[in-house]
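Before any comments, here is the structure.
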Amino acid sequence: MNETPLLEVEDLRVSFATPNGPVEVVKGLSFTLGREERLGIVGESGSGKSMTGRSILRLIRAPGKQTAKTLRFDGLDLMAQGNRQMRKVRGARISMIMQDPKFSLNPVMTIGEQIAEALRVHERLPRRDLRARVIEMLTSVRINDPGRVARMYPHEVSGGMGQRVMIAMMLIPRPQLLIADEPTSALDVSVQAQVLDLIEELVTGNGMGLILISHDLNLVARYCDRILVMNGGEVVEACAAQRLHEASHPYTRGLLAAQPRMEETRDELPVLDRSGGAGT
Amino acid sequence: MSPRDWLLDDSPATLTQANLGRAWRMTTALLRNPLAVAGILIVLLLLATALFAPWIAPESPVGQNLRTRLLPPSAEHWMGTDELGRDIFSRVVYGSRITLMIVALVAVISAPLGLIIGAVAGYFGGWVDRVLMGVTDIFLSLPKLILALAFVAALGPGIENAIIAIAITAWPAYARIARAETLTFRNSEYIQAVRLVGGSHARIIFRHVLPLCTSSMIVRVTLDMAGIILTAAGLGFLGLGAQPPLPEWGAMISRGRTFILDQWWVATMPGFAIILVSLGFCFLGDGLRDVLDPKQGSEK
Amino acid sequence: MTIPAISLKDVDISYGDTRVVRDVSFDVALGESFALVGESGSGKSTVLKAIAGLAPEWTGEISVLGKSRGHGMDRAFSENCQMVFQDPYASLHPRKTIDTVLNEPLAIHGIGRRSEKVIEMLAAVGLDRRFRFRFPHQLSGGQRQRVAIARALMLEPRVMLLDEPTSALDVSVQAEILNLLKRLRREQGLTYLMVTHNLPVVSFMCDRMAVMNKGRIVEIAPKTALYDGGFADPYSRELYAASGGNPGAEPDMVAPATKDPA
């Protein structure tokens, strides 16, 4: 049973209808994700990386359309599921963390209520157990004084704590796969590391799979086992994280070189060769 | 290069071409919406009717003929005749001129007034905002028709005074909208950038703030046209607007009220005209909103 | 001694009743590139706004090119000192063409030969002439930021305030904009005061930096501190470590093997 991969994706395509005909933003993506594997998807804006994450949960809204030869999660064919069945998968078995906690949390519900809500949708529990689970979860995302935080509203907590609350909310139904889409780009550097360490710890501790979507090559290299580099809706490079510096594709190498370094001695940063030469 | 390609050129060569291209894109977007097209047609119909009234109307709108009073609609009198034997169709056609004049004058007076007051209040904030919005709130808190009635009562009945009264009651709503819009971008970086290069407050308000408010204002005014027409008709109906024998639609309904049970067409025909024109402006306003919405404009 | 390009002495800045910046003093030499680094809420952007005149409630002394700065806007100041904002999507008026945006500073200051100047400036920031009459929504983020830089340079200022000019951009576009800023500084002898949270960008762009935490400057360090982690203050060291700096360790893991410029 454990031989089958957690997620199989074959020939995934996402396209949007525009007045000038359909535009494909994901062009035939294929990959598999093993159990307890951590996969990083890296790309710049417009590379289709976020659309890939959303399409796994079938969250592409009209006028977008997605097709796939295979989209199988733990033996379940996601493309064949109806809306109701997908809702049972989302949150309960596959969770997603978005970029900015400010937009993902309901401003008029306390944090405790929201986390409890996330659990209640998928499980029936008596009130007291529910509360205990919420406190336990908040503790596990390293929030001091979880009882007090559970009674707070989203605007009363900092960005880093908000993102930890999001993680608690996403992980409380104990999903098998976590998709994190730029989970830390709205946060300060010192908080970034804490949040990512936390995600890493919870993912490995619970035997979950992780798909980390980011624009930051170094960050993904640090927290993932395998990396897909996307550009223009296609994977241009797939490699093991520790072999990233041996990347062969010019795009990947260009991205690596374009990043300023802490010990910068170059007088000019190399830029990606863009045909057209109009400058971006 | 065809004119269409020239308009849609991604890299316009002159400012005129850029502006025309944008106008063209908006027009085509507007024409894709069937309700907006219906609205445009109705408004165009109103304009044409007002312009060519003497040629369209078969009879004089004021010429009485007591032998032909209260005739039902027929081939000769499409909408019948009223209690003084005047052809209702002719009166409705001439009435479009009055309606159009009311609508245009009210829009010209109250929209810019509201726009400037709102933008100034929103941009400066502080006590300027409190004073201007206090005045606005006083006007807003009084029912529109009552306020208009009071003005007309003070100034005396007549079409000009009705227009002034409606204009005075219409601007506060525009001031509110303009202020709300201004607040959303008064601290934006593009406004700060103009301040940084030394732009004066007047320049910022007139060159940068107002252009961003105008699109929502155009939409709002268009949608309000229906209300303006109805208020004018209401004043006419109460005998405080246009005075006889002017063929104002509201006044015509008011006169027809006496015969509504036996000669229904006298009140109904101008009523149809009011409904049609109001509907036309509503459709047009809705369509314009989809096209001019600032969010769509900036992100395409 | 020559006069500094920017000089702050005991500057306190507050919003309403809350004081967000305390006791900030530093000098930026003429032609220098100086960074203010720190995390969100450290007050670094507020300092920049105060210098630009966009945060009116401050006390202390701010002078630019030897001239002490008042609290309001003044024209003479705007000819000496300009600012580039963080978000290229919010810093251009959505209804104005690039041409209008670049013309405006010239019109305000009554400068002639506008058309030629706009064309020259577009070339200087690496934008094709085709872009001149486009609207902002027809441009990418990097192109917009080039326009914003061009707008700031129209009055030929000698001091530029840069508020996180690349943090909203992709890595590859960031490299282009950083190269552009560096080249412009070299060609026109500009002085930069740059706010950023990104230490590698400081390493590439700046000569010195002031580290800010909770409204105060905790340390002013030379750029070389980034090479060896030679920071004195514990907070600076923490920030340095969180940004991926590891003094004495092997070269950065993902540094490309070799990069030949040819």
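Letters are used for the chains, namely A, B and C, taken in the order the chains are written, and counting of residues starts over at 1 for each.
One rule holds in what follows: a residue touches a chain if its C-beta (ideal position, glycine included) is under 8 Å from a C-beta of that chain, and two chains touch if they have at least 3 such contacts.
From a predicted model like this one, the values you see are computed outputs, not experimental measurements.
Think of each touching pair as a link: the shortest run of links from chain A to chain B has 2 of them. Top-ranked chain pair, ordered by C-beta pairs in contact, is A-C. Among the other chains, B has the CA centre that is most remote from the centre of chain A. Centre to centre, using the average C-alpha position, chain A and chain B are separated by 50 Å. For this pair, chain B with chain C, the centres built from the Cα atoms lie 48 Å apart. Averaged Cα coordinates give chain A a centre that lies 32 Å from the centre of chain C.
Counting partner chains per residue, chain C shows two or more touched chains at residues 130-131. By the touch rule above, chain A contacts chain C in their complex via residues 44-45, 159, 188-190, 192-193, 215-218, 221, 244-246, 253-264, 266-272, 278-280. Every residue of chain C that touches chain A in the complex is listed here, in rising order: 39-40, 126-128, 130-131, 140-143, 146, 170-176, 178-179, 182, 197-201, 203-205, 226-227, 238-239, 242-245, 251-257, 259, 261.
Those residues of chain B lying in contact with chain C across their complex are 10-15, 17-18, 22, 188-190, 192-199, 203, 207-208, 211-212, 294, 297-300.
The touching residues of chain C, when paired with chain B in their complex, are 52-54, 73-75, 78-79, 82-83, 85-87, 90-95, 97, 99-100, 104-105, 108-109, 130-131, 133-138, 148, 151-152, 154-155.
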